[in-house]
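Got some structures for you, see below.
Both complexes below contain chain A, partnered by chain B and then by chain C.
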Partner chain A sequence: MSLVLQTIVDGLVLGGLYSLAAVGFSLIFGVMNVVNLSHGVIVLIGAYVSYILWHALGVDPLLAIPVAMAVLFAFGYVYQRGLIQLAVDRSSLLASMLVTFGVALMLRNLLVLVFSPDFKSITPSYAFNFFTLGPITLDFVRLSALGASLVLLTFLAAVLRFTGIGRVIRATAQQDMAARLCGVNARHVYGVTFGVSSAFAGASGAILGIVVPFSPPDEALWTINAFVVVTLGGVGSPSGALLGGLLLGLISTATAQYIGPAFPNAMMFLILVLMLLVRPAGLLGNAFSGSR
Partner chain B sequence: MRIVGRRKFVKLVGGTVAAALSAPAVKSSRAQAAKKIVFGGSVPLSGRAAETGLNVHNGYQTAIKYLNEAAGGVEIAGEKYMLELRMFDDASDPARATTLIQRQIDEGVDFFLGSFGSNIVLPTVAITERANKPMVQSGGGSDQIFTQGYKYVFGMFPRASRQFISSVEFFKSIDPRPKTISVIMTNDAFSKTNAEGAINDCKAAGFQVLESYQLPEQITDVSSVLASVRGKTPDVLICTTHDQNSLLISRQMIATGTNVPLLYQTLGPQLATYRETLGKYANALCVQIYWDERAPYKDKFFGTAKNFADYYRKNNQRPLAYHTAGGATCIITYIHAMQAANSVKTPAVRDALAKIDVETIYGRVKFTADGDGDALLLGPAIGQVHKGVVELVYPPSEKTGTLIYPSPKWAEKS
Partner chain C sequence: MLVDGIRAHRWWLVGAGIGLIALSLAPLFLMPFHVRVVQQILFSAGLAVAWTILGGFAGYWSFGNTAFIGLGAFAAGLLETNIAIDSPTLAFVLATLFGCAVCAAVAALLAYPILRLRGIYFAIAMLGVSQVLGELTNNIDAFKGSLGIILPKLAPAAMEPQVFYYYLFLVAAAGTLLVGFLVKVGRIGYGLLAIREDEDTARMLGVPTERYKIGMFVVSATLTGLLGIIYAHSLGYITSGSVYRTDFSLNMIVYSLLGGIGTLAGPILGSFLMVVLTQVVLGRLLDIHMFITGALLVAMVMLAPRGLLGFAENLVRRRGAGLRTVEP
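And then the complex of A and B:
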């Protein structure tokens, strides 16, 4: 029984990280219908920002989250307005996918040039702490990652639901033309959405850095994970990303524990295929344009 | 004021131009006096294997630089040769590596050096073999490289399934002798073969293998495996994983209080970054070590392993790793073989490589009939981290420190 409980807890904790890493991907896809293949590398840039602050100034990685978010918001806004919007205007949405793939390759190699291909790791004083609750062992770092993910996802959900900019984003996502007719500057909204998504990717990167060692080639893994999470949970909403991430975490740990540690990826893709066949809009399918 | 006449002016200018033009010609004729040997290949300078790929590449560069600049070239069959390194970044991608190697064969490169990672070395070896071009490499240990009847590939390591011979002897020498072993591997050619060798050798030596866990090639979480390890704790936990995965496993072991009397990783603790990341927790971790600069080897070109290490540090910022020495030794071995063959023709050099038995900075280089390194001469020693530094604890003839066993629990490490 304790092994079952431990597996569930481990899965939920891992899922929290997956959720936060995927929410930006989900939002961009939901609002702009753009599959952002550079999402993983943006997550890693967040990890490197946190690494620099921790290494050079001794800033705790959890405190570095706002800085990573600010830097990547600016990056995301400029990236969307300067590159992706141009690709969409001049060609097609497929072109935007190719552009993001190209940018991912360039940024990955830029990270190699700047930081070397060596893996990095952030180890604050609490990195190796743990505690036990009865038969369950809880790793402090992963638990704090889950906590930070829940806080940030709740914050994003509240922003989208209750603030003016949130309503504008949702309106533009649901009916671009109608929003424009109401005076919404859709291009600016797209830029802001991309900025917000990048900021949350950066936040997940800052947390990721204290959980796992990272290096530039890892970017593909985080893009693929985000894709699976979004397919599972549904496009465009924090709750979809949260549900998808937690499910993915549970599937990974349960598969590793009861089928074999070699099979989590196989199971993940099997479920991805099943979901695409049975419920392509995800468990919390929604009305955003990307899912239609 | 004397005015220079038109004819004289033309002569002066013409003479100056002719002198200027002839200067490079003189230089180039000097350069042409020494012939050139080109070493081709690919190496991961980006992608997943880039960290160790860079170490191997730095070894190649250091040997070439030293032999050209400090030694003034190499003499083979009475002629002076300069060496040229023509390596390309394969981005840790086997498909890209094979394209690069085929292109170099088409361009006439005769001698090849290896990439890093069995998954890359394996397909590239198939190409060099078909073209009858030798490849000396220190980046691929998988059995498949050496068991397909290839005649032109030589490796600085024993094949993966034989890399545990010295480790099992080490386990047998520990007092009190461990009884149980568990193995963690990842789903890639090197890790799997290495783990299979470890399991077979440990069973043959009378150890009980409790569990073997196979993980995907790239891992982000090992919590379920560690829960199982806590439930059924072995005396020795062997991880045949690459550096980044090894670090993830040990980090999660510390952060979940998963203690074992001996954590033994084939790769990871040999890297300074790994030890710095874990700090005090790295102490008492064991690792396979293929080379140590304190080893008393004599080398015809560098003199000693220490001289090589000093020369490397003078010319590089990147910390020295054993893969770097392995890379440099590939080139040194080639030169020894060419000198022994008195030729730079590929069949003669291949035959000389097959027969080579020579002491280098890396140890005594001798290959088996299949081309992999002799398991006793080129097999690993065992290192253990003591106060942040890797000390050799086995074999007894190379010991620089005394084994700490059982290792203290994570919470008790200082």
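And then the complex of A and C:
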């Protein structure tokens, strides 16, 4: 019984991180239909920003989150306006996917050149503290990671729901033509959306550094994780990303525990394919837009 | 209709025949390293053409065609190492037929559900399929994916192995090109084009879209499997990591896109340029190899979104228009 509980708790904690890492991918996909294959590398850049701050200045990784977010917001805005938008205009959405893949290759190569291909990890002073709650063990790092993820996701949901720019983003996602007729500068909105998405990817990177070791080739895994989360939960909303992330966390820890430690990836892709076939819009998505 | 199509394109056939003769004589004059480079070009071009049959003609971009390279290679390899036949040639032929049949059967099973998806969803579902097959091959002991399979040596003693595999690849690539050609100029080709431009309208006008898509998915998978089987034998030893490679899937797309999507000459041109560039020119710059590949990819989509053939066509057309305006 306690093993089941422990598996569920571990899964949820991991899932919180997956949710935060995927929410930006989901937003970009929902607002401009671009599949951003460089999302994983942006997550890792966030991790490296926080690594530099911790290594050089001794800044706590959780305090590095705002810095990583600011840096990556600027990066995301420029990246969208300067490259992605041009690719979409000149070619097709599928070709823009290739552009993001090309950028992912370039950035990954740069990360390898600057930081070496070795695994890095961030270990703040409280890294090895843990406490027990009945039969369940919780370590402090994972708990703070889950807490930070939930706070940031709630914050993003509130921004999208209640602020002016949030309303404009949602309007553009629904109908970009109608939004433009109402005086929305759609290109600026796309840039801001990309910036916000990259900022949250960066925040998740800063957090992931204290939970798991990371190295540049991991970026592909984080991109695919994001895609699975979005397919599970539904495109374009923080709640969909939260649901999908928690489910993915549960699935991968349960598979590792009960089927075998080598199988979480196979299970993840199997579920991805099945979800695409049965309900491509995700559990919380509306079936209307789907894949057609 | 097919006969008319062939007649209209007879000069293409003549050109391809001359190319084939030149390529079959080439190993007599080339150095071993260059034989390997051309062999790599033939393999890549074959894969890109096989991908084009569905991805280029019908607009269904698969991001996971490497699934069939791996499936073919492992199905053939497992049969070949467990079968009790003395003649290695006969065993190879049987294993090749078996590998192709497995690819065709799996593709036929997958086709109906997966081809209901369109655009990005189809692309990612195929990526998922290739990853599932790769992971399962790697983790289930019966498939020997992590341990690896040692394949028997096929090349006759009188022949250099690279020359022997060169000819195998040449036959497979030429066969793939022929199939692609027959598909393109026949009725199916027009049907696929209609699907690419507007599937719903095509269906409404009586194009049997479902049948065409499923048929071409199976054809493309079988040809990819055939090339995969030959590739596996040319390596001599395979693990799941050496045949289920995501970069194979992406290269098929990149080569087709570079040359010109939806054409048959495009993938061949693209393979030629990229293989020469990455193997010969950039062979020494391993540190920044990935960076340059990425930069090329970005530059290509931005500068020549219709591929080099489309780019050339634009240039010719612009020059033609320029001349016309000069004339009174």
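Keep this in mind: the second predicted complex is superposed on the first by the 285 of 292 C-alpha atoms of A that agree within 3 Å, B and C clash if a C-alpha of one lies under 4 Å from a C-alpha of the other, contacts with A are read in each partner's own complex, and residues count from 1 in each chain.
The working rule: a contact is a pair of C-beta atoms (placed from the backbone, for glycine too) under 8 Å apart; a residue touches a chain by one contact, two chains touch by 3 or more.
Since the structure is predicted, the reported quantities are computational estimates derived from the model, not experimental observations.
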Partner chain in contact with A:109 - chain B first, chain C second, else both or neither: both
Touched partner set for A:10, first chain B, second chain C, both or neither: first
First (chain B), second (chain C), both or neither touched by A:260: both
First, second, both or neither for A:130, with chain B first and chain C second: first
Which of chain B and chain C A:118 touches, first, second, both or neither: first
First, second, both or neither for A:94, with chain B first and chain C second: second
Intersection of chain A interface sets (partners chain B, chain C): 108-109, 112, 260, 262, 265
In the complex, chain A residues that touch chain C: 33, 35, 83, 86-87, 90-99, 101-106, 108-110, 112-113, 220, 224, 227, 231, 260, 262-263, 265-266, 269-270, 272-273, 276-277, 280, 291-292
Chain A partner contacts - residues on chain C that touch it in the complex: 61, 113-114, 116-125, 128-129, 131-132, 135-136, 138-139, 246, 250, 253-254, 257, 287-291, 293-298, 301-302, 305
Partner chain B, residues of chain A touching it in the complex: 3, 6-7, 10, 13-14, 108-109, 112, 116-121, 123, 127-130, 132, 137, 139-142, 212-213, 215-218, 221, 252-253, 256-257, 260-262, 264-265
Of all residues in chain B, those that touch chain A in their complex: 45-48, 50-51, 53-54, 92, 187, 213-216, 218, 220-225, 227-228, 230-231, 243-244, 247-248, 251-252, 254-257, 273, 277-279, 281, 410
